[in-house]
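Next come two complexes, and both contain subunit A; in the first it sits with subunit B, in the second with subunit C.
Moving on, here comes the complex of A and B:
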């Protein structure tokens, strides 16, 4: 077994990309001349980073979780209806949402591991089921309202010396990332990575592959709930809140150099990928590039990052055209 | 799992998600010009002028009972048509309604109002509703199926204009009086087509307000839901026309997809990019509160705003003492088709094109429209406050 470097494989490039983007932001927008601008960026990015960390667990163990976007929508719509604008309901509704996230993760994980349905199909099915359920229940128009205390986590901030107003969502973000790093450095985290690399080896070595996979889905569901609480707090109730979030999270993870199919990549890189994606969109907006380009940019990133991950530094050799024959005509 | 297969799977997922999350709106030509100068293909100068004129025109009431008619019983420049051939005296009517969808708060408030309107008329003994769930093909078969259910009158709220036209023509051919409202169809066969003044007036109401409230050279951000939907394109086309003839500077035209989080991020980025935003124009108010919050969270003063008549925005407007206006696309128009159907079955005249007044909520009238006990997404201009069941069905 080789020694693990301090920065895991593939973390370097995305950190460089992130740094370039942050410097770019400082030049493009006056707001980024002081910490406040970056804190606003972190606040906007927090739900995506949390989602990307959840997605990372599933992807690195060799699966996909496509259900997170619709899970976010479902939870926001349900929260509004149950809280109904009353602060007294905040506590138990948050607990219920986290429970629902765990439950959805459990279902995804159990079907994947026990019924041996590919996670891609299971979570795609879950996406459609949740979408349909939300529509059936709400008729497309969410009802009720969130209470001020519910929205505090996603919207409010706390006074901190030096930095000034530190948004709660940034604190949640830091806690989630720190916990994820700690987890991935533990024995369980390392085995999870190994499952994505070669599950037979893990099984022969006595690892509980199914349990680890299940754990990855549960974590993804749980973190999707956290993201839902942050998003609902940030912007309020909407039936479109989770649309396309699953692909944003996957893009972020891939941008972080995490190998689709599992077995390689670091959680810090995945989080940095999410932050880079958000910074990139902010930069494009500051430069006056139309928001319509966002999905195109996202597509290009996925393809380029996956190609880079598949070939590594040897990519240029694959892409280099054969030396053209001098044309004499 | 082989990484190459994962890529294939991912591409497949994109395709599937693309299909699954299609918006119910008419797909647009895409790539709408972002330039504030370019005239939209949806801009129709004659119709623009007509709608602006309607805003100040005096509406007439039914059977010339001018002073007392409620807005949903009023009409602008009506050309009355005879309906004697449809007359079926005696009551016991079976009314049928093919609804495009109930998938947004506007349609939900409207549909509830319509159901209550039906309850007001004992002569309607049966009210059959089919919901097309925002699908053209379902609405076409809905209309066909209603044709064989013995309806005395058919009300249609079309999902899209062009695609539903043949279905409506076929329904007219069965001899049942057809009443179309909200979005129109490209045929003259319905007895009456009911709609408020329209998108140009809506867009102009907001743009004129900003033109007046924002100082020359002020920066206006325009937020739109999505491109290609004719009613929304008309609102923007009118606003664009008014902005281009004014001193205000449109610094951005962005699509929000009706998503509050996206709206908030966009507004936040524009505040950072421009330093100051002096006015916000919106083509629909669903995410207006999120846009206002973006100013609050950035610690910036809330500039003059264009919203809509949803309770959450109206309350914010009052609480924050904002400078704002709320053009409306009144939900009370859902009452009119029922009234029209009964008039037609009673052999009374109706206008061929029934244009309803389209009021806006202003600073002066704001307090009359705030209803603290109603849900945040309730539309104030529902004309439902005086109905017997109010407010329970709308909650």
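Moving on, here comes the complex of A and C:
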């Protein structure tokens, strides 16, 4: 049977939210009167979307990855020092960064699956270890510089017909999202989702639960490296570049209606959640709301989104003052 | 006993609650289709029906949890509309659920008056609370319970009494009891009988929901039968016998429940030769293609241990297992699946289904999880597969948690059929499944055997095991106690299972 394309559960609401925000942007800022403004938004959002996709894999299989923010910082700092402004170094450093991402994912995944330490703790530990390592290695002030060719990926554009200038980061974003959608439609992707729902069932069906979990962490680490490469070019080198990104990615995924604890949610929704978050920050910025409020806004969103996921459309009934007493005598 | 109370006779019974033409649908699926129910003061009225017949939904309508889509609820000649459970309570209707709604670490009296504590000078008036609770307990003839006792220290039966007292203290005139004996020990059931009769004699109307025919006939004066959400009949208990009630519930005679044994056993598919481990020992038997072999025994006799050993969860440590004549070592579920052994586990929700995933994803789960490459990707015959097992769902994208037990079990079977196993082990295949779906599952298992599958069936329900099996292996304390032919009588099976009778064959 061929599955016709359809929205997975919970994708609807976040798309509505995104649409409202995009329309809001058009009214709030003149820059959004033409496609260029939205393209710039996509470019800004690209690192977060890529991170959210990685986080999605881990969350949907029943875990958390708190280490991605520190991983981004570490990779950016390492990249600057190793590239040292020389274009000749770009290629191998990028390969090294991707390899490091995979390695960090492997460590997270192996400790989670083999030592049975909850992923929340494992990746929290990894966050602290990477933080410390960066500080030790850079002394707080990153040295070295990126090369122009390295920065091109996060910053540059390519000429395409019709659209004009298409940023490289947008291309990366589209490729990542398309690949993630393809993966989640494959047998392995569906099984990963089932692991988050009930790992016993998958194990008894002959599936390799540990390997699937491991794969999710590796993908998260790999995508964090991609995000690091994009961010390095876009935002430049600093020891704070990845700060708080793990929570922002989790917020994005949750905003996309993905169930914490796993088993439900679509990757498109997670990506849309990331885009919505970025659009919201842009909108607040245009409305003159202080940037300092960003994290407060994020906090409200994460609580509201989880509450909505728990109650669905029935949330308003729960919040109503005269709430019906539960079914007790 | 109690047959004529409050039904016929000179004085007209007082109607306390009348439900007329109650209809209720969820997501467009009708669950109640025009149900009538009339409860009299001082009667025990039994409500029976298969799983999914709509009993619970009707109770919830009565309790104000669900609002009916149409129909009338009349309480003492006055039409009412409940928007919340509180409204139903105010109208004197209380539901006693299977799960109690008591706070374990508070006293009996505190629980009875929970949320309605009498107040004196701004403080909870404990003495008034305990006095009133004691009065109610005395009124019910339950003087063995102290109002000041912590609920956690009471037996299940006594907690049930507290639950009832709690309802009465809120002035309940109608008590709906949902499977009240489910949690009780046998000697406690008698105590409940006494309590129900005393409640009846004090003018309370009791709606008694139960699967157990014996209780229905012991207690009730009238029986209302529901089937597929529709009202079938309401008759005085004295005019019926068990068979007639079951026929009303099922809508057909039960003889045709088990399909005929049509298959001719073929080659040996799986053979155990002196197999054993910590839980079972020295097992030697064959299952042939086309055969359904039943595995009987008491809880803990090693029935499920055999299944788990064959399947490599706790493998055999001695002896050999041959699949199609080839000695095979199965080291875990993955090898078992790849060698062509399927296992429908006892715990459907915990081990059989990923409940939040779709019918489609669950059905393809084994193939995707255990097979490689092309075999895993090929999904073209999903429709045929779902058709073959007869799943009724809104579509392949519906999440399986919304399906009935019977349909869920069909999905589990479909999941295994997708990899065409040579040997299928089914553990309690019809647990929590209603009679109609049971019949479908029996037919399906027989068809699979006819197609050449070797089926090993474990069941605690002896009639099912005897009705389905071509041969019955009886386990006793980890060893094979004997082999009986299909259709053997229950005493013979139980004799072997309890170790009273020496093994016939080994």
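In this text, the second predicted complex is superposed on the first by the 317 of 329 C-alpha atoms of A that agree within 3 Å, B and C clash if a C-alpha of one lies under 4 Å from a C-alpha of the other, contacts with A are read in each partner's own complex, and residues count from 1 in each chain.
Simple rule for what comes next: contacts are C-beta pairs under 8 Å (C-beta built on N, C-alpha and C of every residue); 3 or more make two chains touch, one makes a residue touch a chain.
Keep in mind the model is a prediction, meaning the values are calculated, not measured.
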item	value
First, second, both or neither for A:145, with subunit B first and subunit C second	first
Per-residue contact with subunit A, leading partner among subunit C and subunit B	B
First, second, both or neither for A:311, with subunit B first and subunit C second	neither
First, second, both or neither for A:201, with subunit B first and subunit C second	second
Contacts of A:185 with subunit B and subunit C, given as first, second, both or neither	neither
Subunit B and subunit C contact sites that coincide on subunit A, given as residue numbers	259
Complex interface listing, subunit A residues touching subunit B	29-32, 37, 40, 44, 47, 62, 64, 66, 85, 120, 124, 127-128, 131, 135, 139-145, 155, 231, 234-238, 240-241, 243-244, 246-247, 250, 259-262, 282, 285-286, 290-292, 299, 302, 306, 309-310
In the complex, subunit C residues that touch subunit A	60, 63, 65, 83-86, 89, 94-97, 101, 163, 166-167, 170, 172, 333-334, 336-338, 343, 345, 350-357, 360-362, 364-370, 376-377, 379-380, 382-383, 396-397, 399, 415
Parts of subunit B lying in touch with subunit A, wherever the complex brings them together	1-7, 9-10, 13-14, 16-17, 20-21, 31, 34, 101-105, 107-108, 254-255, 257-261, 263-266, 268-273, 275, 287, 289-290, 293, 297-298, 312, 375-377
Sites on subunit A touched by subunit C in the complex	1, 3, 6, 9, 186-188, 190-191, 193-194, 197-198, 200-208, 259, 263-264, 324-329
